[in-house]
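Alright, structures below, take your time with them.
In what follows, subunit A forms one complex with subunit B and a second complex with subunit C.
What follows is the complex of A and B.
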């Protein structure tokens, strides 16, 4: 009942401790009380911050329009951040919207990667056709798993996806005629996007497309049906929502995104091998999505970028702390960093901070749109639910 | 495909499967214990084993302790990890959805793997001595011409001992309290059983079992970070599911069954299928969950 008492205390200060944050996750959002918009100075600050953000995404990685020489950033590493964002949005569809879990997402991505490489190298097709085929194959295999998820739910389904991922990695990815065995399959980049910088912009375009599809999906009937179904499939069914069709559809969409992400990943590396698509990668995907903040597009993108850059060591380079961690007393290298730091962040997100990065991006986003700079409280919904378990 | 399986090959595969399956049984029993106590699929179960290996290895190589004491140190490391997980991850999430708990235990496993990689970055592949380390002992027992190492025999013996001990444990007052708490937590609290204490005990037991499985699996072979999670966790889960996830004898039998099925995948007939043993595990899991989710050994649910 302590929670109830705190609820009625409307006019308390907005500085929230983590404990309070948890207590207030059940709060209804208080009515916005600010009467006036920001001052002209405030608008200038907002536009300036917006421009810096746009510059950091669009110009900084490729070193164009830089007032000073930045250097040190690898376009490929930043491309990976963008590709991971696509994959994160794919996983977000499953964990966030459907409320199920995929511990075999590395298989989704790997299938996309190998399909795309196969279509380009062995069948001599264009990259864009290959990416389309990869996303369709990704959607098809995900839809199959979705059909299984109608019968086997919750924890048991998580186990199935885990076993599926390992099986795919050990069996399908080892078939030499499809994947080129240990040597891998060549995956050349499309004409006009050969350089790392241009390929980065291609990845950004795909991310924009995926964000758009995701946004339209969730803003229309299908999205509302999915959310209703995640809350309670039986109630959703009584409202006339076709539970089976929408579940399979959501899986297909997730597989589509993952296949697309896989294709981008393959052609970024110019060569696909089976090794990286192991269980640990699936866990990194889950961590970046959950830490990013489920059902929060900007948060998922931020979380994915954070983990991709952490993995590559770019983040530490940018912060000029790579040496601090790499020196003997700690000797923590960039490759290991996400494995050590990620789980800690994951456990903190789950236990204390259910909104993940999404809470921060929402705060900044609202400020940029002219709102007050105030910490956005974690929505009650922003946590992994398993009503279907 | 011609199904030409010679009898000798089949019997060899059976022995191999049973011997390998003992490890799966040990992990599966731990998984079932935790599932009964906390209702969660413990993805850190395999990592209890790997942590035990690293603990024992550190005792040998850094402090030059004798082998037996090293094993105890390893088990202690696994126990500590199990208790810490229970206290700092499971208990705060007591009322959280089960999938959240699953992700949390996967996080624990990944953290352990990460720390193992971090601390052994210069040389991730190391060698762990077998319990009995004389070369002649390797083929002392060889049913159907399969050389079964002493390490594997000891594993079978440990599995049998664990089964007997657990059987006795669940007849003792404490064991009955554990069973009661897993079936009716609220009613158990009312009759004076501390569900929290039971949870701690169960996680400790599971961690010890996982640690023992790891130490037995690693003996006489090389090990690397995440070894048990990568090699044993999935077959272990499959074994627990095959056994019906709440049945300890079912988990033990399921482990042996999965071991045999996996070994069948290595028959020369299936040589053309890549990773056939992984496919067989996946197919078994899928079929059991789709057709008979209560497990193969459940009488009636």
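What follows is the complex of A and C.
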């Protein structure tokens, strides 16, 4: 062992600091048994699939640079998929990283939407300033709720978030000067992004930004602190982590994302009304996040996109089954599909596929990077302990 | 190895001044005075339920004592929260292994370096370029400490499911990563056989040299405690039953009675 080796040096009296230790520790890392990489044909397949995926995201929804024209897809619906992904990542911070829950996320998003619309319409500011204000307001209100979470946990905290969402719906969203009453608050799009398909790219850019922030959060001390305090706050504290401060920080980050998502949603619709921001929306948000796969960025994005497209009828349209569901005897509108299909998928996720969509995205992602195509197994244990009781 | 004499001027590092704590009707600790000098290894023994871990919880800040003060480097830390005491240099391990089980060993050691990682969490979130460099350094440090503890092969292994002995060692590695001045070890030798305990004793003595550590350890392995400790306290029913040099405490009649009378543990004969 390294300690004993160094101790044989009898003359050494001074104490090694950790940094010196690093300098003296040689790490001739044995190269891990490299699994034989894919064949040239395999690489061609990977590049092809990668291109198709890139095309599906970047070109298909807007018919840009597409070799053939595919109709029937509405850019606004796909924008919603991207915006939902932002909101999903927001909830993932709370449920996945902190291990708490928000059943009132429609309020987080709605506050962002109304703030942004108000700043643009009533205060005459640029969209980008409005979006920034909306995310900051979102962060601030979430931080307040985070402070509450320090005192109340488990089921009762869930109850508080649930009532917070409904309280916001019934109070803040009813303030006429802020929300423009039943007519709603106008929310024009920024210059250069007026058309639906350009706005879609703006949404993609914001999603990229949020993914970047989320990635850096989890790759640095803040994210590590969150994972530690979620699992074992006592140990986190002995390692010098300020459990309270980091919990509030996580709420603020979640609120930031949600506020941003709300702003995007407002300007996509050009007009914000209070109606859509009700509890059923919060339920969809939670289901899409958990079914997407907690702590799995790509999974959450996929789950959110799935639910948004399901909600808009795009998915059923694409699969050519829209009629089956819309006609009697089933007679379900696309709008309620997430609430009907969601619970089933949620149950499947919790019992059989704890990694959710993330298990699929990880499988494909690993294959695309040159790994073998093998179904990624998620560990059951971590997922079930997610929401702290 | 006996107490080293290369430290002429000894300052008191940690001191508890009449610590008492009550849980409902139970007096868990009663007027406990503990003194730990720099560079010392202090052992705390005593039967189960004597209040040893409770004392640790008071020292590290998990419990607020009903009476008494905790002083660290002369500073009254009684009202400081746990993470601030960690910041002052207190490192601690837990009886039931204090690790983040869902993460890998490497991740655990990076998390434990929280205070050493020199940037604001917000800088990390918004991708400040400096954080990338610091992160690389953090990873290197984690690797170096794992290597030092002979655990380098576990860097990318999830902690969950590792054998108990390995977990104990990894926990020690993690607490070293916090760069502590004083280590409070809660039963580091639990679940170990005599040879392993012997090895652990060597390791602790070496770590003290390597990192200039002061160590307070709770353990039931009386031979281990008496071998490496400079001073020993024996607790029973929340009170200090005896204190002094290891061999004196081991032979102290009250201590012998406490061990033999209350619980006939494996250690009882060795106490006598």
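Following the convention adopted for this analysis, the second predicted complex is superposed on the first by the 348 of 389 C-alpha atoms of A that agree within 3 Å, B and C clash if a C-alpha of one lies under 4 Å from a C-alpha of the other, contacts with A are read in each partner's own complex, and residues count from 1 in each chain.
Everything below uses one rule, namely that a residue touches a chain if its C-beta (ideal position, glycine included) is under 8 Å from a C-beta of that chain, and two chains touch if they have at least 3 such contacts.
Predicted, not measured: the structure shown is a model, and the values here were computed from it.
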First, second, both or neither for A:121, with subunit B first and subunit C second: neither
Contacts of A:243 with subunit B and subunit C, given as first, second, both or neither: second
First, second, both or neither for A:154, with subunit B first and subunit C second: first
Partner chain(s) touched by A:62 [first = subunit B, second = subunit C, both, neither]: neither
Partner chain(s) touched by A:221 [first = subunit B, second = subunit C, both, neither]: second
Touching partner for A:351 - first (subunit B), second (subunit C), both, neither: first
Shared subunit A contacts, counted only where both subunit B and subunit C touch the same residue: none
Interfacial residue positions of subunit C with respect to subunit A in the complex: 6, 60-62, 81-83, 86-87, 90-92, 94, 98-103, 107, 110-112, 114-115, 117, 119, 121-122, 124-127, 131, 135, 140-141, 143-145, 147-150, 152, 158, 160, 174-175, 178-179, 203, 206-207, 209-212
Complex contacts: residues of subunit A adjacent to subunit C: 1-4, 6-7, 13, 15-16, 18-19, 21-22, 25, 27, 212-213, 216-217, 219-225, 227-228, 231-232, 234-243, 246, 249, 253, 379, 381-382
Of all residues in subunit B, those that touch subunit A in their complex: 40-41, 89, 92-93, 96-100, 102-104, 106-108, 110-111, 113-115, 117-118, 121, 226, 229-230, 234, 237-238, 241, 273-276, 278-279, 281-282, 285-286, 289-290, 293
Contact set on subunit A toward subunit B in their complex: 99-101, 103, 148, 151-152, 154-156, 158-160, 162-164, 166-167, 170-172, 174-175, 279-280, 283, 286-287, 290, 331-333, 335-336, 338-340, 342-344, 346-347, 350-351, 383-387, 389
